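Next, two complexes with chain A in common: one pairs it with chain B, the other with chain C.
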Partner chain A sequence: MKKSFTSTTRFRLAKSSFFFYLVCGFSLVTLIPLFLILWELIRKGYAQFNPSLFTEVAPTSMEAMLAHISGAPIPGGILNGITGTILILSLAILFAIPLGITTGVYLAEKQDKPVARLVRSLSDLLQGIPSIVIGVIVYIWVVKPMSSYSALAGSVALAIMMLPMVIRSTEESLKMLPTSLKEAGLALGGSYATVVLRILLPSAFSGLFTGSLLAISRVMGETAPLLVTVLGATTVNWDITRPVSAASLLIWEFYNDPNLAGLIWSTSLLLLLIILGINLCAKSIAKRWKIQ
Partner chain B sequence: MENSINIDSILELKDVSVSYTPGKLAVNEVNAYFKPQTITAIMGPSGCGKSTLLRAINRMHELYPDIVTTGEILLKGQNIFKMNPMKVRRLAGMVFQRANPFPTMSIYGNVLAGYKLNNISLSKTEKDEIVEHSLRSVNLWEEVKDSLNKKGTFLSGGQQQRLCIARALALKPELLLMDEPTSALDPISTARIEEMLVELKDQYTIIIVTHNMSQAARISDNSMFMYLGELVEFGTTKQMFTKPKDKRTEDYLTGAFG
Partner chain C sequence: MKDKIFRASLFVAACLIIILTASIVYGLVSQSLDAFSNFGFGFITSSEWDSRNDVYSALPFIMGTLLTSVLALLFCIPFSLSVSLFNGEYFRGHRASTILSSVVDLLAGVPSIVFGLWGFYTLRPLMVEMGVNEQGFGVLLSSIVLAIMIIPYASSLSAEFLAMVPNDLKEGAYSLGATRLEVIQRVSLPAAGSGIFAAYVLAFGRALGETMAVTMLIGNTNNIPHGLGDTGNTMASIIANQFGEAGGLKLSSLMAIGLLLFLITASINFIAKYIMKMVRQ
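The block that comes next holds the complex of A and B.
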């Protein structure tokens, strides 16, 4: 009797440790692609990862070819891409974040209103629209009427892609706040608007901020919608009504030109590092500013 | 006789009914009056409508469109349903069951939150005065005077609740509505708040919902006993605890139910 009991126990312990190692093992497997990608980018990109990457615009095909023949590293950098990405993203943030946050507030406050349910479903659907489709729609809406590719058009496309993420994170972080917080604000005689602006939004700030950061890092690497909206540019341009370049767009251009292919890796490495940085930043902010 | 009492009452409830779902009254035609500078305890078993009645007084129910309040509530003779709800809530401060200091604000900011929310600007000296006076009146000043810039949420549960009371008092309300303010606190914090309430009685009219009969006996002047949404008995606390008029009050106070 006693023996069968211990053997069952032993079997259970074995089973439990087997599952423990299985879970650990598979978790490690998921890390492999990330490290392989990073390794590959560092290995191939470090040679071109120099100060001129940040200070010079992308070289022409001819310049790169001449350097290649003489055995020198490819001259130039991706300054036009970096500035373009900054310009497009800042505009996209300007459009998407205020709109997304106000919509999120509405959804969190009027959870069961038919309009709120409709908006919530539509915003979920928006998240599922392929980015190139958003790109061509924005081409019709913005590029055609302005009869020019522009940073503005690209930022509209990216803003549309950011919206669902900002809306959802706002709604979720506001819903996590206890109702007593809103009641306390109103019980002190605050108007609805001041309670939302001065109590609820600040209390949910860490959630809003992380959500917005993640949305930014998500669209930062988008290429397809930019292809049909901002076109690309060989010089640094801060005019929102004219075509600009973007870091992700440059990777596509380098890929299409055998002479420039050497710049793909350093550009990708930079983009990946920025996005990883933003993600880590978002995580630590969420942890540090979390309100108990 | 009744009229003469009503004249100096600060708050009067006339046929106040509240329903969460149509046709089902959570509070059923309650009539009552409250004299200034008294503590009135509202007692009764869970779900009898005591918190619901309290929340009708500062029009808190209006946040939830399904809740219907009928009847008249006169605050200093004025019908609160004809006043601006924000003004009503300034005159009738509320303290909740669980301490809810604003997590983004410091202790200092929490005390002044009412002014901030009402967009009333104050000079630095006025602010300091209000903060010190409010915190002193809840006996919290000595404990926090060196850490006014710390977040209110760093305080212990009992201190947080006193901070919330200070926040309500800072606006100098006529009435203080308290919804089981000590039910989540330990006995020592509870005793401190009870002492403080008795001190505050000199300046404020306090209505306190409590589950705790001995608390009502200790601090209140008048008591209301509610059962199934009805106001069963209303009188001085002494009379209610010694000679209850209604059989249901007696049963509740002797522990037969509740």
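The block that comes next holds the complex of A and C.
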């Protein structure tokens, strides 16, 4: 067969398969950065990955320098960052998820009403706002009136970033449910509220859960908005009206202080592993849900 | 009764979103009035940033933002286009495509600050070796890292649009004797073209607002960058850098830069969403 091709055809086929290998090559190259980043973090961070990372607060620059001079590993851990991240994130979840789900239900129910259309476009708009701009706005709203940086301010900023994702995923997963489900509920005499709360939301639960997980993982590593809202702290602090630290903020501090540079890698590794873990978890839930 | 309360609370939640967005815009505008009334239109056209004399302007940072983002977009095109062809055309529904797309999606999950660290410790020495400049910081370094960061956004949406091209069209071309490349060139890419364009516009919007990685890599000098090796600052990075110590007119100027950044990203996103809406209809 092949011999009967004219030379132009052979050239066209060769060009086509050359392009195919080019596409495969470039696609494979795209995989490299993620593994390079992971490799770098693991290679430099595993040594500091010990229990004290989770049980002690970040060392001062002085302590780290003394340890560095005597050749010992840098003492201390990132307990203040871990607790800070937990505090800020849980507050943000508390703000964003109920409001986001309620708005998502509204959008799914009132698909083409003018208000729903407006809210849908505004939520797209919110999604596109750069995180640092949200940070400075929250600074004006919360930090200035309270005249102190606080965990509360940070969680408001993160909540605003989470909202559009929660709204979108709630709306999408509710829209995927068959209309007959709602009709059956109403036909059985259920009130509107009962049908939404007891039938629609539970049926769409995995979609909501996945969306919320992805939203959480997206804001978990955010640094810029926290930089201008929570500032950072050297001790463990559970008071939401006072400055706290966060894992991502600690990375920024370590980066700016050469004495503490040794702690960057274990902190980043921990943060990245948690985020990628949440991502993978959310994806696998989404996959299982789609098959059903 | 219960129903009424329930319906009302749904409506209130939706209204809260409207109020939230309105007050974000109001906050940005009201805080930046000071800067605009002081410097007038010159705030956007002059290039002076001097804390001692309290003279501020946005042009160097607008230029820095546009330059790094455009370069990032250019750098990312060969890779993201390949990934989207791999996932949406060559290996659609194949296992290889599932693996590639999930790894690329994970790349989107890596925090900005980790990209910054990687750029600083791994790519910067390479820049120095290549002789870009002495320190390695600058436009080139930040746009390479930005390009890697936006690949997932550009490629996953484009792949979706490529996969939406009707099979009949492609089969028609194959039956006329077109090779795979010719089908991609003459059928798939033109058919999915506007959707792919919208995907890149969205990715560009992402690049405009990236903060931490750029702040760590661009060198943080307040001048208009003139070349690849030049250092500079973007709108996002100047805010992140100088916000902590700012007050008075400087704070207002930073807010004004925030407002400009908001306006630019909002219009870019609006354009992308509009094109996508047209495509889907």
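Methods note: the second predicted complex is superposed on the first by the 259 of 292 C-alpha atoms of A that agree within 3 Å, B and C clash if a C-alpha of one lies under 4 Å from a C-alpha of the other, contacts with A are read in each partner's own complex, and residues count from 1 in each chain.
Please note the rule applied: a residue touches a chain if its C-beta (ideal position, glycine included) is under 8 Å from a C-beta of that chain, and two chains touch if they have at least 3 such contacts.
All of these numbers come straight from a predicted model, not from anything done at the bench.
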Open item on the list: Is A:245 touching anything from chain B or chain C once the two structures are fitted on A? First, second, both or neither.
Closed with: neither
- [ ] For A:29, decide between first (touching chain B), second (touching chain C), both and neither.
- [x] second
- [ ] Name the contact category of A:187: first (chain B only), second (chain C only), both, or neither.
- [x] first
Open item on the list: A:178 in the overlay: touching chain B, chain C, both, or neither? Say first, second, both or neither.
Closed with: first
Open item on the list: A:163 in the overlay: touching chain B, chain C, both, or neither? Say first, second, both or neither.
Closed with: second
Open item on the list: Output check: A:205 vs chain B and chain C. Expected answer is one of first, second, both, neither. What do you get?
Closed with: first
Open item on the list: If you tally the residues of chain A touched by each partner, is the higher count for chain B or for chain C?
Closed with: C
- [ ] Quick one: classify A:103 as touching chain B (first), chain C (second), both or neither.
- [x] second
- [ ] State whether A:266 touches chain B only (first), chain C only (second), both chains, or neither.
- [x] neither
Task: Common ground on chain A, meaning residues reached by chain C in one complex and by chain B in the other - done: 191
Task: Of all residues in chain C, those that touch chain A in their complex - done: 2-3, 5-7, 9-11, 13-18, 20-21, 23-24, 27-28, 31, 78-83, 85-86, 90, 100, 102-107, 109-118, 120-122, 148, 151, 155, 179-182, 184, 205, 208-212, 215-216, 236, 239-240, 243-244, 254-255, 258, 261-262, 265-266, 268-270, 273
- [ ] Provide the residue numbers of chain A that touch chain C in the complex, in ascending order.
- [x] 12-13, 15-17, 19-20, 22-27, 29-31, 33-34, 36-37, 40-41, 99, 102-103, 105-107, 109, 115-116, 118-119, 121-134, 136-137, 139-141, 160, 163, 167, 191-193, 196-197, 217-218, 220-224, 227-228, 248, 251-252, 255, 264, 268, 271-272, 275-276, 279-280, 283
- [ ] Could you please specify the touching residues of chain A with respect to chain B in the complex?
- [x] 178, 180-191, 194-195, 198-199, 202-203, 205, 291-292
Task: Of chain B, residues touching chain A in the complex - done: 58, 60, 63, 86-87, 89-90, 93-94, 96, 98, 100, 102-104, 113-114, 116-119, 153, 164, 167-168, 171
